[in-house]
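In what comes next, subunit A is part of two complexes: it sits with subunit B in the first one and with subunit C in the second one.
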Partner chain A sequence: MAERPEDLNLPNAVITRIIKEALPDGVNISKEARSAISRAASVFVLYATSCANNFAMKGKRKTLNASDVLSAMEEMEFQRFVTPLKEALEAYRREQKGKKEASEQKKKDKDKKTDSEEPDKSRDEDNDEDEERLEEEEQNEEEEVDN
Partner chain B sequence: MAAAAAAAAAGSGTPREEEGPGGEAVAPPPQAPTGAPGARLSRLPLARVKALVKADPDVTLAGQEAIFILARAAELFVETIAKDAYCCAQQGKRKTLQRRDLDNAIEAVDEFAFLEGTLD
Partner chain C sequence: MADLVVGKDKCGEQRLVSLPLSRIRVIMKSSPEVSSINQEALVLTAKATELFVQYLATYSYRHGSGKEKKALTYSDLSHTAEESETFQFLADILPKKILASKYLKMLKEKREDDEEEENDNNGDSDDDEAES
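What follows is the complex of A and B.
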């Protein structure tokens, strides 16, 4: 591993698309400028993370949460981002809720079929998914155990 | 004809990317849109953003929502800095953004001060 933080760039294709959509038609961007913007975005994330972490530590928490990031935006003088970010957060929470309900529905269907023949295997599959998430929602595991 | 209609109807899943010379991630971003087109919440892959966050030695854990907001904020940042750099290019009556336009924007805008010296 041993990657420097500056080497962790965001995908060029996505960065280019965002830039093109922000600018009027017919405007181009040189390769150097685009890669500099990509780098700047990485630096921005690192800086925002550090600021957000300060807020989390102030609150004696070890996990960065959404409000820490929003506070960091204000601290970094990007207040104009706060409103669109809050809206995006609302939409994201709704989508996550929908996904969770969908997977619970799937589980119910599974239980009907197998009649709890292999509870351990299904738990392992779900555990893998949970590990991909950043260890935030431990409540999910408790619900599975009850089943 | 019917095939075209069907393709159009199914268009919300994988948009036909006619560009894509950039090679590495030609596939659309991992966020599969749930039905409504344009409802994609973030174009930047959360896994990459997560890797950046974890690169900070002081950070213990970061919630999924925090990663998502950081990704979205990074997008807003890219839009903002691109537009500010474009103002400089416009003054020079150019239609191609150059690296120096970016440098000028960083110097001119207070909020970008944290970028000074980091892009070299």
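What follows is the complex of A and C.
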């Protein structure tokens, strides 16, 4: 998949909003400054990815994971990001868990209509199966996007 | 700390990450050695990029000269890239700007230096061969 130059840029509107929220009220940001920050952000992504990838390779893995990104931040001397990133990761995992449970519940409700009630003991087994499924889903996602 | 973790979108609802994950993924995958990226890594990279934008903006504003004018300018950013070790990796893409007249002068001086060197070399030999 060939990337056009503009695809490697991040949307101006979002970048501008992030900058505005970070700076005190009433501060003007020149167009040049905005554009420069946007380019810097893209470079940051590349640098972080490359760094994270080194950690993945060290761990003999082909897939970048969360801990690779966190290690990369330390390596790049952005330790200040590590705590907020860990919090974000926790929040993300809770969100994912919530979504999974919600769809599980839907499925159970649907099944109840057709099957008889199942004992709660089976829940543990279900979780393991779901984790595998989640990974498969992630891989599938990868394959789709790569097209 | 919670403010750093979640941002607010147009509806005022709390959202984990504002930058589009699809775009972040495209940038990450443009890196040749990368095979695949797990979803959590993608989310964290997007989040880290937002933190980075905030940090770069506030740092440059605090340390730059635009502060008096209540503005953030390009030179504040290039100043940061040059002075701060943390942001050194940006030095190439955020070069300092010089006046065009100064640059032309630099070019002229370099050309004069090159010509001088050539003249010295030509004086040593009678050949018309070009210098390699």
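Operating definition for what follows: the second predicted complex is superposed on the first by the 103 of 147 C-alpha atoms of A that agree within 3 Å, B and C clash if a C-alpha of one lies under 4 Å from a C-alpha of the other, contacts with A are read in each partner's own complex, and residues count from 1 in each chain.
As a convention for this text, a residue touches a chain if its C-beta (ideal position, glycine included) is under 8 Å from a C-beta of that chain, and two chains touch if they have at least 3 such contacts.
Predicted model only: the values in this text are computed from it and were never measured.
After alignment on the shared subunit A, the placement of subunit B and subunit C results in a clash.
In the superposed model, A:E32 lies in contact with both subunit B and subunit C.
Of the two partner chains placed by superposition, subunit B and subunit C are both touched by A:A22. Contacts of A:V43 after superposition: both subunit B and subunit C are touched. Touch criterion met: A:K62 reaches subunit B and subunit C at once. Of the two partner chains placed by superposition, only subunit B is touched by A:G98; subunit C is not.
In the superposed model, A:T83 lies in contact with subunit C only, and not with subunit B. By the document's definition of touching, of the two partners only subunit B reaches A:N12; subunit C does not. Applying the stated touch rule to the two superposed structures, the overlap between the subunit B and subunit C interfaces on subunit A comprises residues 3, 8, 10-11, 14-15, 17-19, 21-23, 26-30, 32-33, 36-37, 39-50, 52-53, 62-66, 68-70, 73, 76-78, 81, 84-85, 88-89, 91-93, 95. On the side of subunit B, the complex with subunit A involves touching residues 20, 22-26, 29, 34, 39, 41-45, 48-53, 55-56, 58-70, 72-83, 85-86, 89, 95-99, 101-102, 106, 110-112, 114-115, 118-119.
Taken in their complex, subunit C has these residues touching subunit A: 1-2, 4-7, 16-20, 22-31, 33-41, 43-45, 47-58, 60-61, 69-74, 76-78, 85-86, 89-90, 93-94.
The part of subunit A that touches subunit C in the complex is made up of residues 3, 7-8, 10-11, 14-15, 17-19, 21-23, 26-30, 32-33, 36-37, 39-50, 52-53, 57, 62-66, 68-70, 73, 76-78, 80-81, 83-85, 87-89, 91-93, 95, 138-139, 141-142, 145-146. Listed in rising order, the residues of subunit A touching subunit B in the complex are 3, 5-6, 8-19, 21-24, 26-30, 32-33, 36-37, 39-50, 52-53, 62-66, 68-70, 73, 76-78, 81, 84-85, 88-89, 91-93, 95-96, 98, 133-137.
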